[in-house]
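In what follows, chain A forms one complex with chain B and a second complex with chain C.
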Partner chain A sequence: MRPSGALVTGIIAPFLFLYLLELAIGAGLISRFAVPFPSDVLAAIPGLVRENNLLGRFASTLGMASLAGLLICTLGVALGAFLARFRRIGIAAEPLVGAFAASPMVLAYALFLVFFGRNFVAAVAFAVVGGLPPVILKTREGLSTVRPVFLNVGRSLGISSRQMFFKIELPAALPTIFTGVRLGFVFGLIHLIAFEFLLNFGGLGGLVAELAELYNPPATMAAMLFVIGLSAMVFFVLERAQRWIR
Partner chain B sequence: MQPATAIKRPDEGDAYVAFDNVSVSFASPRGTVTALEDITFSIPRSSFVSVIGPSGCGKSTIFNVLGGLLRQTSGTVRVDGSPVSGASKGAGLVFQEDSAFPWRTVLDNVAFPLELRGVAKDERHSRAREFIKLVGLTGFEGKYPSELSGGMRQRVSLARTLVTEPALLLMDEPFAALDEQTRLLIGDKISQIHHELKQTTLLITHNITEAVQLSDKVLVMTYRPGRIKSVIDIDLPWPRSSEVVGSEAFGAYVGRIWQDLREEASRGLEDASRGAAA
Partner chain C sequence: MDSIALDRPGAGNGMARPAYMQALMVIAAILLWEVLARSGIFYHGVFPSILVILSALGRLLASATFYWHLGVTVMEVLLALAIGGVVGGVVGFLFGVSSFMSRAFENYVYYISATPKIIFFPLVITWFGIDSGSKIGLGAIAAFFPMCLNIATGIRGINPIWVRAARSYRASFWQMLWKVYLPGTRPALLTALRLALAVTLVSVLLAETKLAKNGLGFLVDGAYSRYDMPTMYALILFIFCVSVGINLALTRWIGETSQQSFV
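So, the complex of A and B:
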């Protein structure tokens, strides 16, 4: 399929799905108490904007996600580069970081409350810790697998170790590092929204929790649409950036 | 064939590169491996010398030692009278593997060594363009290596090395991955560049035709441990193009080198078969 065809299909498919869902709920095939009408969900959005500060909460989550993403990127790449440079420490640390990535970090949210209190610092720190492992692992992998011939080109030109890192190793490893950065951003966003949801705090996650407690399925779903929209936005921006880097 | 008068033969007494009893050994899981043993040869200033030998004979080790990427176990290596220790600023290396940086355009690849030296952008681009023209890639300045053929990428690497105007050019089987026709035509380009820049050049190759086409002198190596088996002066006229390949004298040189190389290549093949069987 041509790219333009795929784009049209990608745009039409969700609307078609929502239309079929609307029909199925109307025909009683799906309980309207379990799944609200898509039309009710869309109708709930203006109310959320007026009464629940939906856009402000969206901006709050986006702001915290951006800050967390920046920290994930900076700290993750620095730690990954450290582990690549000091090979023995890297070999020892890799399985630990991998195990950390695979652990259900979300259960540790209470620790962050103890350390930072119920505020945005705790939310951002939680997101950063959740998003760091893939960036660390992929940065180490990328820097450890730079083709030896590139390093030999640098050596043959009498390059300094600083130039070797910034002019050869880092650009050569960038595609691999960016795969980690994409995963790190996604994991960070998931952790951020989970933190907001669990603590009924701040942005979109907190709004979903509030609306769920009030048992307002259309509004809850509408808020969740914005969570999905935020994820899609982050994904789109990172995909574009990765294509540009490649 | 053109008359043998255009370039003066290098003076044998004016050795720019000198290997004196050089040996290189490596520790391996199967014990110590001697890659080079008592290698002694010299390369006169401005001449083109090829080293030919079977796979695994240590040809690339000579390249690495002379390029300062590897230290010899014993013996001395001198370039222009000074012992080699680490990467030499006067030497330019072209590697066997594709080494054009995929994240840089052709222009930025070629300008890379000048960027490291802090040359201003306009000047380095202007100089890079000269060498891009020299290797026949004008019009491809804005392309990335992924948009070029293997031969063109190797010419990018060659231009990036030449832009530093090295007094000593070292090439480690740079055209090994190319088909024979492309290799012959690139050989013409190399020959023309050598004629223009007159750098002292060492080519590591396993291709007899390439060695005879380009060289003033061919060193034939033995199979493990690598030693110099014979030194053959190629007394074909300069400037030399790939048309020389059809001449009787060219065929005689190819035959002479193959005579020396055949026994060594057979030993290498037997060794490889034994290794595969084990």
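So, the complex of A and C:
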């Protein structure tokens, strides 16, 4: 299949932009102190790997994000299922959970420091709290809107409540639940990296903050690219998984 | 199961009163906090009583300095929203009307949108310094993504018959914009504004906590640094209540506006 013009343009344009940026900085049109040479950013990556343990930090952030994601998924689905089962509580709680999701939760990072200290438990707990609301809301929505015909079939077969939940309701609600899980993972990752950045702690977010304080723009930019890469990778994998589930 | 049993007719009678249950939940949470604060399980300095927090909130609301910092944050958020909103709206419009632009570049915006915007703070500090400029810059970056992606989706959702009808009347670009695209994307535009406001507020406040001389985020960071927990809780409570209130009001307004636009 021949690649379309748009696809080729989309691939070439960033490289062309970086080349023009290199020329503009070299010609003095853009201050090299404001924007580092793209070639310097690229050249800073081996140094980051050797001296700043870039891969270890990447793994640290990914590991904490995975743990937070697992907890977000487990707790969020359990709480959402609780709210779906007890509908009155669910109807009353939904706007409160929505309001919680809309609030700038990320500002409460100081509270997590106060309660857990400056360690990975605080970082993971912060990410979990940040990522829970969409999973709770979407799980409740998914379980509350299972087609009645599925439930009637289950009842006509005389299956238990437990079987009804695991064999009928949960599979039927899975596409909706996964929309929440995807959002929850992304929110959790955003909270985690923000925590690392604000406190100069741990993985990639901490690395960006440390390099910025050392005033090393090329290395800072290179570390930022890894944060962007990690976020995009997680987003991409979850999106593919969601399509597969649907 | 309860969720099935409650589907029967009449089961909704008790559900017409979620406000009572919401009030009960909020009261239960406050009481739980108060019991924990007085139980001695947690250190008083870390877990102050609600009355202490409300007293700190009262002191804050009575102080002129607080309103000055509030004014700085509001100004930064509004300017960031205006800049990021306009740029995001223009780029989103281009993605919406041109399938070439969309296929070539929209994926970049889509995937970068999942990045925590606070990591761009070192860049905007270099460009705009530590004053309000860097907070506005970061807020504008944050506002750009929801505006761009929602406007693009909104434009693509416009009924093609409207566009063809306007073109058959040889409508100019500005006529198309004012008479077709803007009214057609109104619900998407309002949703984009609501989302952009939320992320802009978060980005500005975080930037203020990281490095600033003014603003509510600066006050939160200052209270934490002094270990003045009641003031820190009071500030967070104030910010939460205001942002939730704005979000609820916008959501309700968008709902009403969307209904009107389709009547």
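Keep in mind that, in the parts below, the second predicted complex is superposed on the first by the 217 of 246 C-alpha atoms of A that agree within 3 Å, B and C clash if a C-alpha of one lies under 4 Å from a C-alpha of the other, contacts with A are read in each partner's own complex, and residues count from 1 in each chain.
The definition used in the following text is that contacts are C-beta pairs under 8 Å (C-beta built on N, C-alpha and C of every residue); 3 or more make two chains touch, one makes a residue touch a chain.
The structure displayed is predicted, hence computed values, not measured ones.
Of the two partner chains placed by the overlay, neither chain B nor chain C lies in contact with A:Leu225.
In the superposition on chain A, contact is made by A:Arg155 with both chain B and chain C.
Touch criterion met: A:Ile89 reaches chain C, while chain B stays clear of it.
Within the superposed three-chain model, A:Gly5 lies in touch with chain C and out of touch with chain B [touch as defined at top]. Of the two partner chains, neither chain B nor chain C is touched by A:Leu62. In the superposition on chain A, contact of A:Ser103 is made with chain C only, not with chain B.
In the superposition on chain A, no contact is made by A:Leu75 with either chain B or chain C.
Put simply, more of the residues of chain A are touched by C, taking chain B and chain C as the two choices. In the superposition on chain A, A:Ile45 makes contact with neither chain B nor chain C.
Comparing the two complexes, residues 155 of chain A contact chain B in one case and chain C in the other. Chain C makes touch with chain A in their complex at residues 1-4, 6-7, 14-15, 18-19, 21-22, 24-26, 46, 99-105, 107-108, 111-112, 114-116, 118-123, 125-127, 198, 201-202, 205-206, 209-210, 217, 220-221, 224, 229, 232-233, 236, 239-240, 243-244, 247-248. Listed in rising order, the residues of chain A touching chain B in the complex are 147, 149-150, 152-153, 155-159, 163, 167-168, 171-172, 174.
Chain A makes touch with chain C in their complex at residues 4-7, 9-10, 13-14, 33-34, 84-89, 91-93, 95-96, 99-100, 102-104, 106-108, 110-111, 113-115, 143-144, 148, 151, 155, 161, 164-165, 169, 186, 189-191, 193-194, 197-198, 205, 208-209, 211-212, 217, 220-221, 224, 227-228, 231-232, 234-236. Residues of chain B touching chain A in their complex: 67-69, 86-89, 91-93, 95, 97-99, 101, 103-104, 112-113, 115-116, 160, 164.
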